[in-house]
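Below: one structure, written as structure tokens.
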Amino acid sequence: MKEECAVMGVFGSEDAAQLAYLGLYSLQHRGQESTGITASDGNHIFEHKGMGLVSKVFTPEVIRALPGHLAIGHNRYSTTGLSHQANIQPFLVDCKVGKIAVAHNGNIVNAVELRGRMEVDGSIFRSTMDSEVILHLIARSKKGTLEDMIIEAFGEIAGAYSLVFMTKERVIAARDPRGFRPLCLGSLDGARIVASESCAFDILGAMYEREVEPGELCVIDRTGLHSIRFAERAERLSKCIFEFIYFSRPDSKVFGENVDKIRRELGRRLAEESPAEADIVIAVPDSSNTIALGYSEVSGIPFELGLIRNHYVGRTFIQPRQRVRDWDVRIKFNPVRGVLQGRRVVVVDDSIVRGSTMRKLVSMLRHAGAAEVHLRIGSPPISHSCYYGIDTPTRGELIASTHSVDMIREFLGVDSLKYISLEGLLSCVSDPEHYCVACFGGGYPIESEGEHRKDVFEKDSSG
Amino acid sequence: MKEECAVMGVFGSEDAAQLAYLGLYSLQHRGQESTGITASDGNHIFEHKGMGLVSKVFTPEVIRALPGHLAIGHNRYSTTGLSHQANIQPFLVDCKVGKIAVAHNGNIVNAVELRGRMEVDGSIFRSTMDSEVILHLIARSKKGTLEDMIIEAFGEIAGAYSLVFMTKERVIAARDPRGFRPLCLGSLDGARIVASESCAFDILGAMYEREVEPGELCVIDRTGLHSIRFAERAERLSKCIFEFIYFSRPDSKVFGENVDKIRRELGRRLAEESPAEADIVIAVPDSSNTIALGYSEVSGIPFELGLIRNHYVGRTFIQPRQRVRDWDVRIKFNPVRGVLQGRRVVVVDDSIVRGSTMRKLVSMLRHAGAAEVHLRIGSPPISHSCYYGIDTPTRGELIASTHSVDMIREFLGVDSLKYISLEGLLSCVSDPEHYCVACFGGGYPIESEGEHRKDVFEKDSSG
Amino acid sequence: MKEECAVMGVFGSEDAAQLAYLGLYSLQHRGQESTGITASDGNHIFEHKGMGLVSKVFTPEVIRALPGHLAIGHNRYSTTGLSHQANIQPFLVDCKVGKIAVAHNGNIVNAVELRGRMEVDGSIFRSTMDSEVILHLIARSKKGTLEDMIIEAFGEIAGAYSLVFMTKERVIAARDPRGFRPLCLGSLDGARIVASESCAFDILGAMYEREVEPGELCVIDRTGLHSIRFAERAERLSKCIFEFIYFSRPDSKVFGENVDKIRRELGRRLAEESPAEADIVIAVPDSSNTIALGYSEVSGIPFELGLIRNHYVGRTFIQPRQRVRDWDVRIKFNPVRGVLQGRRVVVVDDSIVRGSTMRKLVSMLRHAGAAEVHLRIGSPPISHSCYYGIDTPTRGELIASTHSVDMIREFLGVDSLKYISLEGLLSCVSDPEHYCVACFGGGYPIESEGEHRKDVFEKDSSG
Amino acid sequence: MKEECAVMGVFGSEDAAQLAYLGLYSLQHRGQESTGITASDGNHIFEHKGMGLVSKVFTPEVIRALPGHLAIGHNRYSTTGLSHQANIQPFLVDCKVGKIAVAHNGNIVNAVELRGRMEVDGSIFRSTMDSEVILHLIARSKKGTLEDMIIEAFGEIAGAYSLVFMTKERVIAARDPRGFRPLCLGSLDGARIVASESCAFDILGAMYEREVEPGELCVIDRTGLHSIRFAERAERLSKCIFEFIYFSRPDSKVFGENVDKIRRELGRRLAEESPAEADIVIAVPDSSNTIALGYSEVSGIPFELGLIRNHYVGRTFIQPRQRVRDWDVRIKFNPVRGVLQGRRVVVVDDSIVRGSTMRKLVSMLRHAGAAEVHLRIGSPPISHSCYYGIDTPTRGELIASTHSVDMIREFLGVDSLKYISLEGLLSCVSDPEHYCVACFGGGYPIESEGEHRKDVFEKDSSG
């Protein structure tokens, strides 16, 4: 599962671009392929975008060239492909409302239809992002104000969207009525901040205020924040449960809850459901650390650091002619022999997608001396692709869509394999009926699944 | 005067992108800011674009990633501005005819109106190039074939355009009915080549065939080259006389004529019109060398190399605190003292725009010992801005729009100053009535001059 | 405390440079400033060196340009200073034995004297590294073989040195008689590997064989590994105890012991010596994780992830004008509010050097809601500078050299502060009398402390 | 013939490094591989060096990091080889006189012997430059002052050297007693400048003072310029005649003469010796322009621009699979068909080394329509390698060492081929007995030719 995207917005600080930059830096885990910031001083709009990490794309010199009191930013996840420069967000265009930029986290499920219809009408598309579809819809609206134009556009799109728009004078944040992806509001000495996760507020020393509500449009300008309800909040929301399992940082608050708290509870529940006879509990670092701690707490089996993650992974490595076993996994992880030797090990991970990396990891653990390997997974088997903003493989590549748990266990070479149950997972959140669990076969929340598509414009979804 | 742009197209070679690359390399003098190539293997379109020189943007690795038998390319002139990435051509979009890319040399004079009208209709614009306006018009056409859609679009635009389009399967070249900018056709072992100047054929060892005619659309695909006349050739063409004076390379053929021949004739005529009592003739290298040779030939005054041009000029230099006189001119030129000392010097240059650089050059020549400096200019006084693809300053900045020749002479500090007459200039070409001489106050060839604008979308024209 | 350096050597694989590269990659934690590899195919020596991380300096193209069956490599720690290119190791020179390269981890305490003496004799020095001093000594030896020349040179130097030399045909590893720094031997399908830590073997799938012994010279060539004892092993070794506390990776074996085992024991002992009334134990990640786990185990206070480390830290950030409290610490760490809120927290760290970062960290924890902060340190107070290969500040800057523990506690703003005792620390290793504890005021192991100096050649020690 | 190197020195300007930078920029034609500047503020020495052009290696930021009132610099010619970083000059070392840097233009013919002797004595060498040999000799001298140490070192070396040394407080310039390579002195508002050619003074607006005399040592410090004669000026000097033929810029003064004047005279003399029945004279630009002008003047055959040089040549190009005739020459030159068509052409070039490029050029001229090609060469046949600072191929590769003029004519495919005579060449300078003409078979000026070698330390001579 590739991370999705991060969005960021700032209004009312003389350092808007720099605060956006810091926020994006703290949200780097949501997307490492590319990043961009668009800023405005009320008169002119400035932008800088590039491929790579936030700390590489934005130099002090670049930040100085982004003046103004409002800014929005975006991080995009990692894909292959040399020159997807056209797809770096924020996406800035000129149209009848003047210059408008947008940063998007989510996926519009009817983007293909909308795009096809507009192409017939004579529209041209520069990128393969569905964010561009949204801008086209806005530009085509005959409504009198930008807010109404946006709302009219929202009336046509279906799917997941946490959006931050920017014009020369305003930052506008919005979240789809089902609330698939997180989006929250903060404040810092009078400035307003919008961010995918609250860890962006923490790095700024800003205060977390609240979520942008599903179906809410927040217009932020010199006169303050104006909230508009553009759609009824859906009766049953479709918040992405994977934000708690894997995507969000443990130090963030998303959907109004502390990620680390839910994630820990998940580990506890996993231990209750699927105990193991073992000597130690280890996590696949860093994402599963908290789940593993929860598992250790309830099971009473001590938590150990059995795998060290290498944080210096950079560009692609070349395979040496000299055969090195499990080569690509070794570059990321090193087993701690002294911890593993002769031990019965519970390995806790957040999820299994294709299973190929885990298989190598298990082999590596056994070579490091693990006597038994018991795998415990913090999510139910992923059997369906996501159409709401997460980069899952096609259904056929998901090991759980075509293999039983027992077959997977055998493929991975573990002594036992247990997934948390869907009920167990949902019991960890306070409002279980408001989560999307489609990837576990739980039914797609938006009708007409036949229409569900993504990556339709070449190889790309909108982030 | 900044150079304009270069366009390039190749169909029918397995090395299409590389031939395009070599052609762009030979056309580097027409634009140094950015460059791009779009290639197709019939199924997929690949592109690479970047800021900087052709030889820097395209590495062997990059070229290898541009496979296919057709390709188009573009060089853009040098402007300031960090992040005009969105304006690098070819401009590639998706629309109802599929993917289509365009490379443009020229300027659409009614682009603002067209763009405004389409924005009201709901179109969005990503760049500030009028090439994007052309693509919008094409995409909006209801005609049944791409050719007809393009022709309908051409019916709405006025101005200068030498264009090369590319779809997955075709290269299409076109030139406006007045033929402002050059565009020529060549061939190489069965492959068809389109290029702004014929020097691009020479570097490939390709054969010059002919000009793309004013008002002609050339569709090149597997079945050959199909010529369509989309408009009557204008009764009086408006070919840019400055292509001969300055822009084109002397080794090129443009508008069907050898540049070096015209340029030399121009020097001869200048000598006839404005002789000088002097010991030597020198050129401001390299662009004025040929004019100076012609001047020397007729005047009998020997041609000398009195100024050496530094060809290693790179990025910006910082002004040393230690005062260095005429600093910025010295970086480009060095006077040859031994040649100049005590001599009465005729300096030949192609044109005077603002006059500030020439003033420093003259001061430098005098410090190097020139006894007298007689300036001879290969073009009449430039008093009007160009709206057809050349980056001239606004009228107010053109020294000849507000100063008499005598005042300019005084400002420059020369002993005598003579421009070639308009008649003299036109006598050098075989069809003088078919040239645009608007920049010398000769009247704008396209009606409704009030509408003439450029740089209207921010700071940018289309190249 | 800055990390020291890493050394690496490979003999007998067709992929020698690439194996060296992978080893250096796994040893990145020992030095991030610069890196280099020198390789030989038996006839020619090739080298590539650069500033930055291993994964950035070595591209596939670069590795391909380093052919041969033997190679040595080096990582250097991070210092400031633009152009210390001359100091990147391995250091390769020509002398009467032909080409010889050296990679050094350690510090020669009498390098100044030796260098001064040789300068008087007419030697010239290109770098500020004491590795160069060693090469000079070797080159000046009148002995008949390279081994004897090296041994004679060792007779003159005092201090810490784990060295890997390379000639066209041989790799030679050596360790000073007191064994300050680690150096170990491994094997992989007939190839011999030398590395600072065993984690370099793990990434290659190589086998750990043994330590290079203090006072041992290992000559590796086509005929195998030849061990020469160049000096009596010191009666009391001076192994660096900080390798266990902080420097080495937990998954490594150094000095023949599993780092993670010792580090964990250290946490246990710390808990026994200095318990705390608290709700949770947290580590300053990642280096103190294992110590904290040990503390948690013995104290029974649950281990939690209260601080998240940001792994994307790149180039320098600019301070925003908008005041952001504890700015520089926030970029590295984010407190997990949900974990800390209202809790009495034991914070475990490995050491305190100046105290300034810890002070900000504590302030950040308190702002995140920690009710009490009890700091437990896995090393005794550092009161003396290291002269054996670790980059400590001058004595005056070490907070413990001029302040009592109570004063430090007050400065840091913690509720309690406890260091492990020296006895406690030493009780964790099996041969406590063989460790250097000079930085805790335990007496410098090499005589004539007055001579102890480093950073004497400008701003630099040897790594 | 590859260009040799350029040296530069500045004392007494607050902008010393920047003036050095500008000077090096104007001397770029003498070496494009690498460049470096070493600066001092009297207390500390700063350096920056890199591969590539002056305008690329030195950014404003880099120049700002080179403060101080004295600086020296160096440009190195272009060779192949990835990582000859160690050979970039100025070469800075520490020795008993403190820090000393050197920039060298020339070649020490007995460097191998000296180096071998010093290696036996225990010296180590970091680079393959004979400049390092000079520094070793200085460091080994027992004399009491730096001047005496340098002079003693000079007593041991034979060959060509124009040198600029720098210590923290002084700039010292010296030229070998035979004066092989140029070196001149200038001044600018109290600052002293040393440079290979006077064009470096021109770009600074500095005044040319005089040559550094053969056998003269100029010590420049706070107290002024102190001239020391370290050796008798040789009875017969050995100034490099190729400085006039090809190396120096025409706007420079070297050996006290205006390059352009001599070069022009050379063309005149060539015309007298070897007239041709032809319609036009063209040069191989840019280096032969002045010779061609001289030829045109005397012969009365008009000078034309028949070849256009492409000044944007950058990195290596890849050969297209599509065959392009004379590919590598086309990238550099384009023939002007309109000038050449049907004409009998005199082509003037400065020299023929291997003949391969000229052969392609001639073929290209013929394809462009030249009716006859008469080649006139501004130097006698080059039959011997240079050992005094010019990068000539080995003797066997020099076409004139193994082929008669007639065979060369046939190889090149020209209608006639004439070289200037040695007498003719020498008649162009005022003191013909003081020039080295060894490359024309004129006898090596330094005894014991058997000892003559260069490129002995790997693939490199000293510049």
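All chains are identified by letter, namely A, B, C and D, in their written order; residue positions are counted from 1 within each chain.
Here is the rule we go by: a contact is a pair of C-beta atoms (placed from the backbone, for glycine too) under 8 Å apart; a residue touches a chain by one contact, two chains touch by 3 or more.
Because the structure is a prediction, the values reported are computed rather than measured.
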{"item": "Centroid-based (C-alpha) most distant chain relative to chain A", "value": "D"}
{"item": "Whole-Å separation of chain centres (CA-atom averages), chain A against chain D", "value": "60"}
{"item": "Inter-chain centre distance, chain C versus chain D - centres from mean C-alpha coordinates, in Å", "value": "47"}
{"item": "Centre distance in Å when chain B and chain D are each reduced to the mean of their C-alpha atoms", "value": "37"}
{"item": "Junction residues of chain B, two or more chains touched", "value": "none"}
{"item": "Touching chain combinations (by label order)", "value": "A-B, A-C, B-D, C-D"}
{"item": "Touching residues (chain side chain C, partner chain D) in the complex", "value": "46-49, 65, 82-83, 85-86, 92-96, 119-126, 128, 132, 135-136, 139-141, 457"}
{"item": "Residue ranges of chain A in contact with chain C within the complex", "value": "13-15, 18-19, 22, 25-26, 28, 32, 53-56, 59-60, 63, 188-189, 191, 199, 202-205, 249-251, 253, 258-261, 286, 289-290, 293, 297, 302-305, 308, 310-318, 320-322, 324-326, 330-331, 334-339"}
